[in-house]
Structures are given as structure tokens and as C-alpha cells.
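In C-alpha cells below, several structures.
Here come two complexes built around chain A, the first alongside chain B, the second alongside chain C.
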Partner chain A sequence: MSGTSPDHPKQNLSAEEVAKLSTEEAMIAGAETDDVFIVHRRERFPIAGTKAEKRAERIVAGVFLLGFLAAVGFIVVFCGAVPYQWKLPGQGSQDFRYFTPLLGALLGLALGAIGIGTVLWAKWLLPEEEVVQDRHDGPVDSAQQMLTAATLVQGFHDTGIARRSMLKTTLGLAGGALAVVPLVALVGAMIKKPNRGQGQSLFHTLWASGVAVVDSEGKRIGPDDILPGGLMTVFPGVPGGVAAGDSPTLLIRLRPGQSIKARKGQASFQWEDFVAYSKICTHAGCPASLYEQQTGRLLCPCHQSQFQVLEDAKPVFGPATRSLPKLPLGVEVVDGTQYFVAKGDFPEAVGPAFWERP
Partner chain B sequence: MTDDRSSDYVDADSEFGFSPVVSDNAGRPAKPAGRPRRGLRRRLTGVALLAATLGVVGGGYALIAPTSGAADTSSSGSDIAAGRQIYQTSCITCHGANLQGVEGRGPTLVGVGSASVYFQVSTGRMPAPAQGATEERKPSKFTEQQTRQLAAYVQSVGGGPQVPASGENLRADSSKLADGGQLFRLNCASCHGATGHGAPLSAGKVAPSLMKATDTQIYTAMLSGPENMPVFSDNQLTPDQKKEIVAYVKYLQDSKDPGGAGLARIGPVSEGLVIWSVGLGVLMVAILWIGAKS
Partner chain C sequence: MTVTENNNGPTVASPRRYDKPRTPQGKAGKWADERLGLSGSLRSQLNKVFPDHWSFMMGEIALYSFVILILTGTFLTFFFDASMAEVRYNGSYIPLDGVEMSRAYASTLHISFDVRGGLVMRQIHHWAALLFMASMTVHMFRVFFTGAFRKPRELNWLIGLGLITLGLVEGFAGYSLPDDLLSGTGLRIAEAIMQSIPVIGSWVAFLVFGSKFPGTEIIGRLYIVHVLLVPGILAGLIGAHLALIVKQKHTDFPGPGKNETTVSGERMYPTYGLKAGGFFFMVFGICAALGGLAQINPVWLFGPYNPAQVSSGSQPDWYIGFLDGSTRLFPSWEIRLWSHTIPPLFWPTVVLPGILFTLAGAYPFLEAKLTKDRAHHNLLQRPRDVPVRTGLGAMAIAFYAVLLLSGGNDLIAKAFDISLNAMTWGGRIALMVAPPLAYAVAYRICLGLQRHDREVLEHGIETGIIKLLPNGEFIEVHQPLGPVDDHGHGQLQYAGSAVPKKMNRLGNPHTGKVRGFLWPVRESAEIEAELRALQAQEADRRERELTD
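Presenting the complex of A and B:
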């Protein structure tokens, strides 16, 4: 048992003195030079070969062995011991669902075993130690402070910038101009209209006067296709209409006895008991298609905005503040069957706010 | 004080009014005996007799009383007549003698069709204890045969969308699974969840989980639009398209979770819960263990 305490530090040692120390003593002396004092150090098993030591060793060895087996198991499972290809239920063994969990468990076990084994080794077999470290609290001593300050001040005097006014001015110009450069990017981006000259595409969808109303498979939709209380997602019948991100529209047929309190000038957008609203929520753009046919509410699942269809899709709950735009609906007769057509585009931009439409 | 036991207890009429347990000279507690003990036994006997009587009467009633809807169908001969009998036993109070509905109790059934009746009755939602915006799925009170009879009767009175014949295959082939999935995601997933486990609607209502629904129940729900669910007519979703959706919902019911526990299949919320509670907990324990003095 050896060691020093913070109250009895060893002196600075020379190389010859260190060479005379044993390895353990040298380690303790080295720690001291960093103000770390090992005050207590003792072998856990000073008598080699006791039963307790052997038992500790065997347990740690067992943990490492477990890690070995888990890693080997991982390789075996990965290389085909467990099927991994997905099969339809009823058309093949569903054991593929064990592939990923097995890989995860075995890898976790392998890594964990090495970690746990190492920690147990340290806890049970390494020497006991108690160490005290000097805290080095408080400010630097004043002599050091004054020396540092003097270095800085002398450096400033050496540059001579106080008397070299031409250098001072030109350095100021260069630095000042450079400081403005990042501001230009920031402020400039806020001044310029980001979408000017790009055709106002955010204000228009693919709907226009005379465009047919079709379903997701391109089939034209007519009044006979929806029963009272029904709801259908429809698209403009133009090339790219079904895939366009801003054009999905909800076609709703009201129940008998339900009527809409229309917004100003939009009462004619309805056709008998059919009404069409943009599907894109005016809050953040999710499809607001949860329709409750009895209460007339349209719910958006993302942030729970609710639009009351009977009040012309006015938001009655949640973060949305603008009504859903209404599509003007009309009907044309083709081959004796009635089909829906749009009588124009949405009267306002669909979806959430953007720079030109806050 | 003496060996005479009778002086070791206090009479019920004494000043105490009860019979305290007192100890005799040998230190053993003496049991209260005599009149107070007889009173206790009388009370216990009375309670036991009451319980037995109640049990006999209640059990007898349960055995003897007729079960709901247990009309003698064999003597009627036709489904509609049998359905009428079931209706008049179980449905007439809220839905009226002519299916016209009763104010404040039940809506009219004219025009709802056998599809609606089949769905509501086979999922146990009807008979309902009270009118409300959402009825919960319960064990059905009627057998399949009785349900179809009731549905046939309502269809005969008011007409409406019809339940497919029993035995008809309502599930499209598995080659149509992708089409069914596309239709499901377009029409159904917003309310019922992408995995069919249900999702909330406004004001406390819920679009229920589809995990227990049978083929016919899914089909008739689409056709009849129960409660707040929209109606999907046969023109809007053709019968073939409806069968594709049924096949997809069946697939959702049967598919196993690849890659471990599904955690109720609601996505990041449950996964986050497990990571934060179990995962972080284990890590904290490990950290404390590693740093503990040894």
C-alpha cells in the first residue's frame, strides 16, 4: 500500500530517480504531477488463486462467451437460417417476421456482453483505488494575470496601429465591407418577391371552366354516382389532373334537410345538393377528408382543424383560419347522362398561406 | 374471579349493552355465550336466508324468462314474417310500429335497407341503450339467421341498399390487393387509420377499428354509411371495388408485424413511449450501475 496525500506532495523527480521506481510507484508519482493523488490502492485478491477470484473470473469469462455465441448467432441468422422475404398471409410461412428482431436481439446481446463483461472485470478484479484530485478553484493568481495582460498590451503597441493611420483606415474599410456581406443575403431575401415572374402558379390549380370532374381512375362523375350523405374525392379531367398536388377536391352530397349557408357571392357554386371543396387544408396542407355526414364536419387529421360544411367549410375548431375554397359546380349532359363539370377555378388560392397571400 | 363461567360475561341487558370478551383467571379469552351469541347467529341466518332466496328467484327468472328475440320462427315459415316478429319484440319501442321512428328515441328505418340493418345488428350496435352519435361495437344479441330475417323485414317495408346474399364471396382475389390498398387509402384511411386501427373524429367521436369486422360487415358498412360514416353507393365504389377494399382490410387484419412488436400499430407515439420509458430507463440503470462504488 503506497500513496501520498495532497498535504505531502512529492518533489519534482529527475529522470534517474524515476528509473529507480517500480512501475506502480512511477504511476502514482506521475499522477501526482497532475495534482491527482492516489490515497488508497489495494489488490482485490492479494492471495492469488482463491475460490472467490476464480469464481469472479469464471463469471466474466462466461459473459464474454455469451457475447461470442450471440455474434456467431447473428452471422448464422443473417446468412439464411431464418427466412427474410415477405409473404402474403396465407401464401407462405410468416416466419420472416422474426428476422429483424432476431438480428437486433443478437447484436445487442453481443455488444452488451462485451460491455457488461468489461464492467464486471473492473468491478471485481481490478485493484481498489481511492483517488483525490486537486480542484484548482478560484481565479488565476495576480502575477499571472498581470503577465498575460502585459503580453497583450505590448503586442498592441508593437503593431503601431495607433500611429499608422493609413493602415488603420484601410483595415477598417475592408473589415466593415466584409461585415455587410452576410447582411446582404439576409435582408435581400426578405425584400425580393420570391415568386415574381413565375406565372402566379400558386394562385391557380388545374381546374378551369369546362373541365370534367373525374374520379381517381379518370372516370367521369355524375349526380347519380353519389348518394345523399356520400363523399368522393374528385380530380380535374385534364392530363396530369389526378396526380396534381393542388387539385384534389371533395365532392359532397348533402343529406335531405341539410343546406349550406353560402359565403357572399358563392351560393351559385353549389349544384342542387352537391357541393365541392378543395381537399387541401388551409392550415398546413394535409388532406382534410374526415367527413362526418350527420354533423357536417370535415376534420383534418394532422392538426385537427374542423370545417363546418353547412357554413360553407368555415373553420370551427383547430388552427385553420380560412374556409376551404369552393369549386363552382355545373352539370353537362353527354349521351343522355348527366356529368359534373367545373364552372371555373377556385376563386382563391388553395391550401395554406404563402408569402404573397399571408 | 370464580370458576363459574356465567359470571365472566356481561348480560346483554347490562349497562354495557353488548357482550365484551373478557378473560378468565387462566388468561384465556372467554367467548361470549348465551343470549348475545344467539342473536348474532340469528342475524347471520337471516342474511344467509335472504341471499338464498334472492339467488333462487333471480336464477329461476333467468332460466324461465324468455330471451330477447327468441320468437318461435319455425312456425312463421318465411323470413319476413320471422323478421317482423323479432322487430316487434326488440325494435318497435324506439323505431315505431311502422318503422317511422319515434321522436327522441330512434330514427326512421324507411329506406335504410337490409344492408344497414345487417351491419348495425350483427356488430351489436343495435339494439342500443340510448340514442347517441356513436354506438360501440358489442356482442350481437341475435344469431346470423335472425339478423338476416330482421334485415329482410326492414327491406320489405322501406327498401334501400341490400345486404349481399349469405355465402357470396365478398373478398377480391389477392392479385387485387394493391388496388384495394389504393382505394382504402383514398377513401377510408383518413378516418379509420392507415392500418385500420381506428382514429378519432371531432368532439369525442371515434371511427372504429376494423380489426374485428367480417367481410359482410365491411361491405354493408360501406353501402349503408352508418352514423357519421359517408355513404359509398354502388356507383361511387362498384361492387368489385368494394370487394377489393374488403380484401385489403382482411390483409390488414391478417398481416403480421414484420420486424418486431407492432405496439398497437399507431406509429411514432407508441414507439416514442417505449424508447423514452423503457429505453432511457434501462440506460439510466446501466449508468448508475457502472458508476456505483464497488
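Presenting the complex of A and C:
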């Protein structure tokens, strides 16, 4: 056991004195110069070359060797030993499925081996030490504090800001205005007046009177396309209608015997046993797409708002507060086939509510 | 190399002489020091002492996963195309052949299927992101429960909170980049949350998205936020966080030889540095193995984003889950005034996290104010010794846990065949009931543990030996920890550190702890004997020095 107690600091040594010390003594002296005291220091294997020491060294070396092999394995796999491109089953070797797992496992092994080897090295082979360092964070040195405060105060005084109120005011004006510049530059460049421009209104969708009802492929939909109890996601048959964020609409065919208690003034929105509601949940805008045809309930999978279609898509559970807007639905006959058309836009804003919405 | 007689025993060779550098490294060091004059400050950094406790490694994991994120993220930027322009996919993943999608989604597929090693990098990146958030959270728990945030470390608490907040933003931005069905749904909800802000909501949403949802801007904007803006701020804050640790030095648990004015442990060079460096590789290795072996975010199964579609059981990354949960639990309370609306979405997604993070930021100052504790603290507290704080922490964790579980309440309902509505109501009730319950239970456990510590200090350790007295009475033999008074009661005061409770935890006064993780380290008899001889020799030498 060596090291010195904090009571005997080896500080302020001259170069000649240091040169006389052994490396270990000089290291300890250096530490003590920094108020770091090695109170306990001992070789893990005080007798060099014991069986235990050799075993420890061999294990660490073995771990490093494993890391070497894994890294080589990674390189070999990466460079083409295993194919990496996706192939349809039956149309090529499925060995690519091993590519990513092998890379991960080998890289994990290569990194982990270096990590484990290094830590074992430190824990098993480095000298065991217990070291104490002064924190030097005792009570604040008030003289220091006052000297610094005086420097700050005097410097401030020298600038004369307190006396020269004209400079203070004008610099304040210039600086204050300049501080607004980046805000204006960024926010001003990005800002967009809501609801202005073609297709940008939160109150309107692409649906309008006479717009054809189409499916996601753009094909027109008629009453024969949906069986009783069925539903289909439909879109306005205009350019961009399928991709628009606000226009997806659920076209539902009621089961025989089911009927809907319509909202005031919206009784004519239904066409026979077909109703169409906005698919965009009035809570957070997810598509409310899980329909239970037995009970007529529609569930939004994001936050579990539930709408009762038979009560005109009224919210019956969960965080949504507004009914799904209803699309006025009509039918036109083209070449002897009936097709659905909208008789107008939704009478209210679709999707999540916002401040300007009544 | 010479063999010298020194205190470490005669057989250990001493290192090379240091005073006249002859090796290239030595000469380079001398060259640099003559120009930079850094040897003094370098040495004090090399000799810097780090205390040793497993719980101090959580923050390290966070730091290392940040480094892993930078490395893997840089790889991904070489192949990712943050554009919302529509393309028709024709890569090697046949099931999506010919499907219309954004370039962002197509390039994510490209990384996953056509870039050699791209998928493993993507998955390592995602796993490291989850680990980054998880380790920061657990690190925060550690700092909270041990009182490490107290004066003088309040600033670092605030920086840490800033790191967690920015980590949330960074994670969400990165998760949104592939523009797949799952992340697009997340963006849709994010837009609804922005819209829900009173007065300025639609303005905020149009500013961020550049148009009505989804527009064509958001992925490009999130990209620069994700790869430059937030990582830059994160790196700066991490630098400040670490600089403060270096300046203020690490806290430590009380124990033998521990006090407020010193820090004890291992020096940075070589021991702590080697261990920490090794630990970095271990963390990286685990992320790499997860990235290869555990599939995460298989965007090709979700398909490209389409506002008309959603998959059931949609889950965000775990660190967003608590907000998803709060949104699911919040009742349908909408405020409509003078033809304006404050949607219910506003409260659980804007107001609630605002309150939670403000409370967390204010906590160190509130605690100092309420306990009137203005002292400088370097020694940590055991959670049991501060039952109120521990109870408050348990309360916060219970609140968070209910929200997090509710974020997946549809999956729980499905797995356990419970009604979804029952899960929602259960969550609402649990959110009110679980936190106070957690407080009470944690508080009682703390008191129980405190009492047991006192009991052992007074009566000693239970030995498990039952003794039959001549009068027929059975007593259990206790091993006192120190000197006892006439009644056999211990005289030791509780010192804020762990009290040994098992016989094999006794002893080893030098380091105050038993070495070894799973099993105590035992020296071989040969070495023990040799050590005793060396110690005797040393004592002998000291004695001679004193008598001289």
C-alpha cells in the first residue's frame, strides 16, 4: 500500500526534486499539486505473473480477439458473403433475410467485445485506487466576488450609459428593432394567412354541387357498388380529390330496417339508404374508419372517439365533441347507370376544431 | 525498463522514465506543451476524480446514445431525400411496386432495401433514439430521487429538462420523416394540436405546414429541424451540462470517507476513462445488436401516407405515448364562446405538458423554498430519507405511467379482451386515484425502511441464529454493528448511507463496499498472505521512519 495522506502534500517541488522521484511518485506528486490525493493504491496482482493474473489477461485478450473476428465477419458479410437485396419468395434466394440480423449481431459483438474487454481490463488489471479530490467549492470568496463586482460596475460606469441617456435610448431603439429582424425574417417568411387561396380554406373541402363521387382509383361509384351494411371511402372526383387531406368521405349503406335520425335541415342529405359522412375525425383529424355494422358505431383508432351513425354520426364516447359533417348526396344517371354526386359541400368545417370555428 | 524496489512489491516493474522524453509520443507531448502550455490543466483533468455508483451511468448512456445517433444519422442523410414530390416506386421491394408515394417515403424504402447495410443503420438509429429518451428519463429519476438537483446544481437540472424537451421534438421530427402511414397520422394529429391553440391556432398550423394539411413543405422543414437545428442545440446543451459537471464535480452518496468538501472515486485517467470508453462501446454494441436483430418501424408494411387511411393499433414512439394517453383520456369538453371554439384537444396536448414541464423545472426552487434549505449540497440523499420528495416522485411516475399505458389502451383492451370504453374510463379514474395512492405507498415504504435502518443500528444484524435460553425462552442473536451499551444497544448514528443488513455485508471498511457485482470478490490465500506480509513490512518501515 502506498500513497500519502492529505496531511503531507508534496507540493511546490522544483524540477530537480521532481527528477529524483520515481514515475509513480511523480504521478502522485502531480495529483497532489491538483489537490487529488491517492489514499489507497495497490496493484490488482501484487505478485506479477501469478496464474490468476495470466488468466485475467488471457480472458481480456480472448474478448478482444472475439471482437476482431466479429468485425472481420461484419466486413465479409457486408461485402457480399450474404445477398442484401429484397426478393419475392420464389423469385430468388431468401438469404437476404439474414443480412441485416447478421450485420447487427456481428457489429454488436465487435463493439460489445471492445467495450467488455476494456472494462474488464480496467477492473481486473489496472491498479486499484481510492482517490480523494478537493471540491474547492466552499463558501464563496467574498473578496473575489467584490473585486469582480467592482470591475463590472466600474466598467459600466466608464461607458457612461447611466449618464448618457441619449445613447442608451438610441442604442436601445437600434438594438430593439434589430432584434425583431430575425423574427420578422423567419416568421414573416413562413407566415400564411389561414383560409386564403385556392383550396386553402379550413371551412371548405373539394366537394361541391355536382362533383362526382369516386373511389380511390378515381372510378365513379353508384348505388350498386355497396351491399347493405357496407361502407366505402369515397373522394370528390376532381383533380387532387383523392389526395386532399380533408375530403375523404365515408359512404355508408344502412342495413335494411336501420334508419337515421337526421340533424335539423339535413334530412334531404340522405339518398335512400345511403349516407355520406366526412371520414376525418372531428377530434384530431385521423380517419375514423372502423365501422361496426351491427351497432352502427364508427370508431377512430387514434383516440377511440366513437360516433353513432344511426344518430347522424353523433359522438357517443371518447374525446370527440362534434358530429361528423354530413355530405348532401344525390344521384345522377349516366348512360343508364346511376352514379352518386354531391349536392354541395359539407355544410360545416370538417376535421378538428379551431378557434375561428363557430 | 528497470526493476526497482518500490512499495508495490519487488516484482512489479516501474514504467519508463518520464523526465527526458525519448519516445515519439513523449517528444510530441513536449513539442505541444512548449507551444500550448497545457500540461498543468491537462494533468488536472487527467487526475479528475469520478465517484463510482451504478446509478451514475444513466446519464452516460444518454450521452453515448446521442453520439450513436449522430454517427448513424449522418449515414442516413447520404441517402434520404426529404421531398414530398410524388413518385412511382420501382425499387426492389416488389409489394409496393408502382405505388404513388412521396420521395421521402421512397428514399426510406431505398435505404431499407437497396442501400447495403441501410436497414441496419436505420434500425440502430431508431433504437438509439428510444434509448436516448429512456436513459434521459431514468437519469432524471435518479437525479430527482437522490436530491442531486439541489443547490448548486439547479441550473443543470434545468438544462437536463431542456434536453428531454428537445429530445421529444427531435424524436418526433425524425419519426415523421419517412412520411409513412403511421408517422403521417402522427403529423395529422400534430397539426390538429396546433390548430387547437386559442386565437392563433390556425395561424400556427399554416405557418408550420405552409398550407392546409398536408401541403408539400412539412417534411423538408422537419428534416432541417431534425438534422441541424435541434441536434445543434442539443449538442450545445449537452456541452453545457457536462461543463457544469466538470466545474461543480459529481455528487456522491454518503458513506465512509465521503464528505461535502471532497469527492472520492477513480481518476479520469486511466481507470475511469477506460471504463467509460468501454461502456460507450457496450451501449453501441447493444444498439447495434437491437438494430440488426429486433425489427423496428417497418415502414414498408405501413405503406405511404394517405389522409384517408389509418391502421388500427397506431402507436407513436414510447416517449410520445403519454401525450397520446392524455388525449385519449381527456373528456369531450369543448368551450364555445361568441362563435369561437377551444377544442378539447388543447388541454391534454398543450396545457398539460406545459404544466408538467413547468412543475418539473420549478421543483428544485419550490423544494428549496418550502424546506428553507439554502445549503450547498454535494452528498446525495437516499430516497428513503426524504419520504415527501420520494412520494412526490412516485406520484409523478404513477401519473405518467397511467398516461403512457392509456396511450396503448386499445392494444391492452385487445390483448386482455377488455372493453375499450372500460379501458378509457379505467384510465380516467386511475389518473385521479393512482398518484395519491403511489404517494402514500412510497411514503410508508420510506418510513418502514428508515425504521429498519435504525433498528439494525440499535440492535444489530439479524444472524438467523435462534438461541434457546436456559429458562426456555427463544431469542434471535443479533450481531451489533459497533460498540454496545449496557443494554446491548448500538451506539451508532445513522449517517445517511447504506446500513449493512446481512452478515456477508459486514467488513471491508476500507472502501466501504463489497467488491464484485454478483459475488463478493475473494482474494486467493496466496495473495492474502503476501499482502499481509507487505503490509507488515510497510508498517515496520513507517515505524522506523517515526522513531528515526
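In this section, the second predicted complex is superposed on the first by the 283 of 358 C-alpha atoms of A that agree within 3 Å, B and C clash if a C-alpha of one lies under 4 Å from a C-alpha of the other, contacts with A are read in each partner's own complex, and residues count from 1 in each chain.
Here, a residue touches a chain if its C-beta (ideal position, glycine included) is under 8 Å from a C-beta of that chain, and two chains touch if they have at least 3 such contacts.
Everything numeric in this text was worked out from a predicted model, so none of it was measured.
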Quick check on the superposed pair: does A:Arg97 touch chain B, chain C, both, or neither? Answer first, second, both or neither. first
Who does A:Val119 touch here: chain B (first), chain C (second), both, or neither? both
For A:Ile226, select first, second, both or neither according to whether it touches chain B, chain C, the two together, or no partner. first
A:Gly30 contacts which: chain B (first), chain C (second), both, neither? second
Output check: A:Pro83 vs chain B and chain C. Expected answer is one of first, second, both, neither. What do you get? neither
Would you sort A:His40 into first (chain B), second (chain C), both or neither based on which partner it touches? second
One more residue to check, A:Gly344. First (chain B), second (chain C), both or neither? neither
Applying the document's definition of touch, where does A:Thr295 land relative to chain B and chain C: first, second, both, or neither? first
Is A:Ala320 touching the first partner chain B, the second partner chain C, both, or neither of them? second
More chain A residues touched by chain B or by chain C? C
Of the residues on chain A, which ones does chain B touch that chain C also touches? 86, 88, 91, 100-101, 104, 119, 122-123, 216, 233, 287, 289-290, 299, 301, 304, 306, 317
Interface with chain C, chain A side, in the complex: residues 1-2, 18-19, 22-24, 26, 30-31, 33-34, 36, 38-40, 42-43, 45-50, 52, 78, 84-88, 91, 100-119, 121-123, 126-127, 129-135, 137-138, 187, 190-195, 197, 199-202, 216, 233, 235, 242-246, 248, 279-280, 283-287, 289-290, 299, 301-306, 315, 317-322, 351-358
Which stretch or stretches of chain A touch chain B in the complex? 86, 88-91, 94, 96-97, 99-101, 104, 119, 122-124, 216, 224-233, 287, 289-295, 297, 299, 301, 304, 306, 317
Touching residues (chain side chain B, partner chain A) in the complex: 133, 174, 177, 182, 186-187, 190-191, 199, 201-203, 205, 207, 225, 227-233, 235-236, 251, 254-260, 289-290, 294
